[in-house]
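Next up: the structures, one after another.
One chain, chain A, links the two complexes that follow: it is found with chain B in the first and with chain C in the second.
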Partner chain A sequence: MIDKTVLKRLTEIVGKENVFDQKSDRITHSYDATGRSYLPDVVVYAGSAAEVSEVMKVANRYLIPVLPRGAGSGFTGGTLPVQGGIVLVLTRMDRILAIDTENLVAVVEPGVVTAELQRQVEKQGLFYPPDPASKEFCTMGGNVAECAGGPRCVKYGVTKDYIMGLEVVTPTGEIIRTGGKTLKNVVGYDLTKLFVGSEGTLGIVTRIVVKLLPKPEAKKTMLVQFSTIDGAARGVSEIIRAKIIPTTLEFLDASTIDCIRDISPVPLPEECRAILLIEVDGDREIIEKQAVRIMEVLQPLSVLDTRIAENAEESEEIWQVRRSVSSSMRKINPDKFNEDIVVPRSRVPDMIRALENLSREYGVPIVNFGHAGDGNIHVNVMVDLREEGMEEKVHNVMEDIFRTAVELEGSISGEHGIGISKMDYMGMEVSEITMRYMEKIKESFDPNNILNPGKIFQKPIAAEGAL
Partner chain B sequence: MSRNKSLKDFEEQIRKCVHCGACQAHCPAYLAEKREGSVARGKIALAAALLDGRDNLEKRLQQDISMCLMCGSCVTKCPNQVPTDEIVGAIRREITDEKGLSLVGRSVSAFIGNRPLLKAAVKSTAALSSLALKKVPESSGLRLRFPAPIMKNRTLPEIPAKNLYDLFPEFIQGNGEKPLIGFFAGCSIGFLYPQIGAAMIRILRKMGYSVFLPRGQQCCGIPALSAGNGRLVERLADKNRDCFAGQDLAHIITCCASCNGGIKEYYSTMEGNFTEFTGKVIDFTVFLKKEGLIEKLAGMEKWPNRKRVTYHDPCHMKKQGIIREPREILRALPNVEFVEMEGASECCGLGGTFSVYHYETSKKIGSRKIPGLMQSGAELLATGCPGCIMQLQDVINHSAVGVRAVHLLDLINEVSGW
Partner chain C sequence: MIDKTVLKRLTEIVGKENVFDQKSDRITHSYDATGRSYLPDVVVYAGSAAEVSEVMKVANRYLIPVLPRGAGSGFTGGTLPVQGGIVLVLTRMDRILAIDTENLVAVVEPGVVTAELQRQVEKQGLFYPPDPASKEFCTMGGNVAECAGGPRCVKYGVTKDYIMGLEVVTPTGEIIRTGGKTLKNVVGYDLTKLFVGSEGTLGIVTRIVVKLLPKPEAKKTMLVQFSTIDGAARGVSEIIRAKIIPTTLEFLDASTIDCIRDISPVPLPEECRAILLIEVDGDREIIEKQAVRIMEVLQPLSVLDTRIAENAEESEEIWQVRRSVSSSMRKINPDKFNEDIVVPRSRVPDMIRALENLSREYGVPIVNFGHAGDGNIHVNVMVDLREEGMEEKVHNVMEDIFRTAVELEGSISGEHGIGISKMDYMGMEVSEITMRYMEKIKESFDPNNILNPGKIFQKPIAAEGAL
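Let's turn to the complex of A and B:
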């Protein structure tokens, strides 16, 4: 329960209509896409950096945890109040403050939804590339905090490559600014980069300066079916070797294809063991040539069928194949454990093979798809938790998967972050001494450990249980 | 025993929500409020908590549950098709059952069967003359939609002196040999916009059909459903089914998307023999397409001075996938130059009784349509739902655009010679 004095102070800061402390309010702010839930003590919807700053000062004075929250679409529990406290929601701060067509930058508040920013800049012939699959609802603040990536990152990179400057409220309530509108800036430490991907543990982002690009003239989408996973994997290398960087290079493995065969708008025969979805963008003539070249280099591999979209409708149909994956997977088993490991591009076939072996060894279905172009594989372990001993089994499979990824010089998370979901495994990748330096940074920003405590490093304390 | 589904009946579907948050992109209530309590995911979390006994029907829960237009936008876009609109209906009924009149239902239900209150309401608004409202049956959804005193500045259509049932007999002989078509007019068409109903009848007769417009027909029940009055919905559904029974009808036509949705989407989830009735009910655009009217219209010479018209998708047509037919009609009409507008499929904000108890939010939702409408340069905004027409006209009147909201049938009715 939140203290009366604190509640009163919060009400003074943001107004009565933006403070929520009934049981129902706490329930509707207790979860994110992780599927776990912890009740906060109170929910506050902030309207400005000044308000956020005041809230942080109160929180420091009374030592109450504060959890920044965007859309709550995070996959690792970043906004979950594992130790109770104040869930501080930023969705009201959703203005696009400027689209500067001369300097190719936009300035936005953290609550702006990613796809909305994209739509607005595209109206002016510009382009904001990072495109997480959640772009229609996740917020820019959440994207910055998690350094979100997406299918386009093969060619265009991830969120951190587009963040030029930030306004941040520090855990102690000061308002600081980092970076700015210039492409070059070497004055002092690059704090912007430090905040990007810090999972809401170092500060609350209240304003974001993003870099924009000119919008590519056109794009071309292709779908290639292979009879072997090796063929698809070699295909990825061959495309890159041909000096073509596609916008998108997605792959689906055999287990994924089995899931979607019935609902796919494109016929997928039994022999199809792997799919590459390739998209190139740029000047119309150049992408026509690239498409031809891609088909040439793929032809000698175990290709079953190729399909090149001639118009937006056909392109949409190809994407529909990819999009049908998520919802069809639950057909296999009710509980899904989704991890987003990443390995160097050339090691993708090794990783897939290792996953096939693990699936056989443990007797659990593992469905894999993802961004072949950057080695980011979405691994989905599909189980039924009602089965005896399943929980432990899942834990063991996960550990083996992460270990393999690290052995292949990869990483245990490509885009979703650590949060609470991967804390246990962080030590596999990050040495103790490195971790200590990270902790030192955290301590220096947040001496009272009140901003998003219990994430990345520490074990959570209180638990309300799973939803 | 209630014949409506209870919250418990939805348990399995409630557990299917994976909290991805995708509904945020499609929920009009969320987009206007930007609060988790307003979005489908929040309501599902509350439903789950109610089932687990972790929460009770406290005030805020009622408020959050009231923040739903039951438009179904979230359902179509949900990866797991969680039927939030139906679940919200079930919770509202639970609230009504346990607490009597809920926060949701209180402001509106108070008007049913409460003559003094109703009279006071009628007195305080210029738009509704008490004489006119007297003509509206006690159980009509219109009474739920117009508890006028809490809706200052609301543009309401003038209630015409003669309603559709004054204008037409129960049986209307057609011009040909074709079978009998039932006409479910509903209250909006029956009492507020009888000219739309008249256009419908005229078109049907022109095609050679005879029309059956039963006197016993009642409100479809959507406003009562939205207010959580399950018992009233049951009563209305029974009466509607029964008044059409015993006639040999080829179809039962509707020209109100809400009525069509209420019957086809909702009655079918209720216990009681509804399949034969709901199976016959057909939206007018689907019917007119089936009858080949579109080709006939398309074959006509275009008028020299065509009106620039755009289209709004009523939620209850969208939800049933009736998206193409209305547009095909507009493209075919010789008197119309059809232009698509941005945000055509976004909800107008009416939502059963939503706009009554959340008028400000309702206006906010509706106003999201204005930029697209302005950009389209249309002079008329056509749609297939009288509820939407009323709401859209209100939203338009509160903005600076000079567009008129009309029914598709108004436009078809202008054209003769097919």
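Let's turn to the complex of A and C:
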């Protein structure tokens, strides 16, 4: 329970209408996309950097954890109040403050929904590339906190590559600005990039300057079916070797295809054991040439069928195949453990083979799809946790998956972050010494460890508020 | 003077042949491209991360400053031993360890010369874009330390955008690895990007993983002469508005043109008051179309003459115009103060006007050229320091230049960093609170403040070793 004095102070800062301490409100802000749930003590909707700053000062005075939160769509528990405290929601700060067509930058508040920013800049002929799957509801603040990725990153890079400057409220309540509106800036340490991907543990972003690009003239979508996973995997390498970097280079493995066969708008025969979904964008003539070249290099590689979208409708149909994946997987088993390992592109075939072996060895279905172009594989271990000993089995298979990814010179997370879900595995990739430097940085910004505590580094402390 | 025990220990670490404590050796390692000079106590050439680590341990034990150094071509004193100590040269570590054509990455040691890396990857059809003017002699370690830029950054971004992973020896002598070979990685804080641009104050880079791109098929170089600076400045905006982002968009102002008129391979009449040097690269057909479109949008803007290179030789001739700038400026006055402010692209005309006013007001020639495409202007205040009161005048004009850049939402340094040259002005751009966070980060990594002390933050302490 939150102290009455604190509650009064919070009410003074953001107004009565933006403070919620009823059980029902606390429950609706207790979970995220992980499905795990921890009850906060109070929920506060802040309307400005000044309000966020005041909330942080109160929190420091009374040593109350603060959990910044956008849409709560994160996959690793980044917004979960594992130690109770104040869930600080930033969705009221949802203005696009500027779209500067001369300097190709936009300035936004953290509560702006990613797809909404994309639509607004596209109206001006501009382009904000990062496109996490949750783009229709996730917020830019969350994208910055997690360094969101998406299918287009193979060509365009991740969120970090588009963040030029920030206004940040530090854990102790100071308002600072980093970076700015220029592409070049080497004045002191790059705090901007340090905040991006810090999972809301170093500061609360209250304003974001993003880089924009001219909108590509056109795009072309292709779906290629293979009779072997090796064919698809080699296809990825061959496209890059042909000096083409597609916008999107997604793959679906055989188990994924089995899940979607019944609902796919494109017929997927039994012999189809892998799919590449390829999109190129840019000048109209160039992408036509690229599409032809891509088909040429793929043809020798166990291709069963190819489909090139001739218009927006056909492109949408192809994308529908990819989009049907997530919802269809639950039919295998009720509980999904969704990880986002990444390996160097050339190691994708090794990783897929290892995943197939682990699936056999542990006797659990593993469904794989994702961003083959940048080696980022979404690995879905599908189980029924009601089965005896399944929890432990999942832990072991995860550990093996992560170990394999690191052995293949990859990483345990390409897009989702560490949060609470991957804390136990972080040591596989990051040495103890390196971790200590990260902890020191955390301490430099947050001496009382009140901003999003229990994430990345520390073991989650079972809080009173845990449901 | 360095203690005999320390000297002995250093000799044990790197071998007798790599330790230099003769006055002549110390003098040759006492200066950089700023022309300022501070005598080190000893010069050590390290051959491996392990050796660097051991040197740092000795330095910590005896509290001796260590100054990492590549080619010493920096413009802000980043390698100067302002407090004496050990100049630690990394040029022996000059191997290109891997060029991975499948994953489009290279792995290099810090002593690799930037242009050499570029040549080697280009042989494989690949491309490393950052191209600082000093690329023929500067080293990759220095590029990482300073986050080097160059003309191509308007399209391709700066060094930071190409550094995927690092091996770093921390100030206390620990060897850590950050990032890796994957484009996506969100495991903990992004130490990689924190080290890039930290001016050798947080760690010594001993291995670098860089991102490569496919080499563009072709390029096209154009030189456009304008009768007014406004025409050229508006031209920059118009090109971007036409949704073309050139590889290079360099400009030369009237004072620059006056300097090079006699030696330029391209005739430059008196009426020519500004030049844009434009290069586009990519698919052959596209760049032809882009060149035509660029000429169309520029034509109404006081264009005197245009020249489009039809072959490599003509392109080289155009670049010769740009390259002749630096060497020709000294004919105005013997002492050059070369700064690299940056403003949002649309503010370049305002900045140029302000510089012209300052030149008149102070009665000192200011020669401006640089990377108009990203707003990065190289401002050269040309004076004769033998004149009475000139030193103070230069300080004042610099202060006004930096203030104007910051007022125009720009930055006091786009490429060169702070070092010792811009420490006095850093407060104009970075708030005291933000500076304190940077200092805390520095303390976290370097508790004894022995790695490159007296740079970025602190006032340089007049050391015994100062010449």
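One rule holds for everything that comes next: the second predicted complex is superposed on the first by the 462 of 467 C-alpha atoms of A that agree within 3 Å, B and C clash if a C-alpha of one lies under 4 Å from a C-alpha of the other, contacts with A are read in each partner's own complex, and residues count from 1 in each chain.
By definition in this document, contacts are C-beta pairs under 8 Å (C-beta built on N, C-alpha and C of every residue); 3 or more make two chains touch, one makes a residue touch a chain.
For clarity, every value in this text was computed on a predicted model and none was experimentally measured.
Considered on the superposed chain A, chain B and chain C are sterically compatible, since they fit side by side. Judged by the touch definition given at the top, the superposed model places A:G197 against chain C, while chain B stays out of reach. Within the superposed three-chain model, A:P130 lies out of touch with both chain B and chain C [touch as defined at top].
Contacts of A:P246 after superposition: neither chain B nor chain C is touched. Which of chain B and chain C touches more residues of chain A is settled by the count: it is C.
Centres of mass aside, this uses C-alpha centres: at chain A, the angle toward chain B and chain C in the superposed model is 130 degrees, to the nearest 10. By the document's definition of touching, of the two partners only chain C reaches A:M435; chain B does not.
In the superposition on chain A, A:G454 makes contact with neither chain B nor chain C. Contacts of A:G85 after superposition on the shared chain: neither chain B nor chain C is touched. Once chain A of one complex is fitted onto chain A of the other, the partner contacts of A:T170 are limited to chain C, with no touch recorded for chain B. Contacts of A:G141 after superposition on the shared chain: neither chain B nor chain C is touched. Put simply, chain B and chain C get as close as 21 Å, counting only Cα atoms, in the superposed view.
Comparing the two complexes, no residue of chain A contacts chain B in one case and chain C in the other. On chain C, the positions that touch chain A within their shared complex are 100-105, 125, 146-147, 149, 153-154, 157-158, 160-161, 170, 174, 176-178, 180-191, 193-194, 196-198, 202, 213-215, 237, 240-241, 243-245, 283, 285-286, 289, 342-346, 371, 374-376, 409-418, 422, 426, 429-431, 433-435, 437-438, 440-445, 456. On the chain A side of its complex with chain B, the touching residues are 20, 22-25, 27-35, 37, 45, 71-73, 89, 91-92, 94, 111, 113, 115, 134, 136-138, 326-327, 330, 467.
By the touch rule above, chain B contacts chain A in their complex via residues 18-25, 34-37, 42, 45-46, 48-49, 54-56, 58-61, 64, 79-80.
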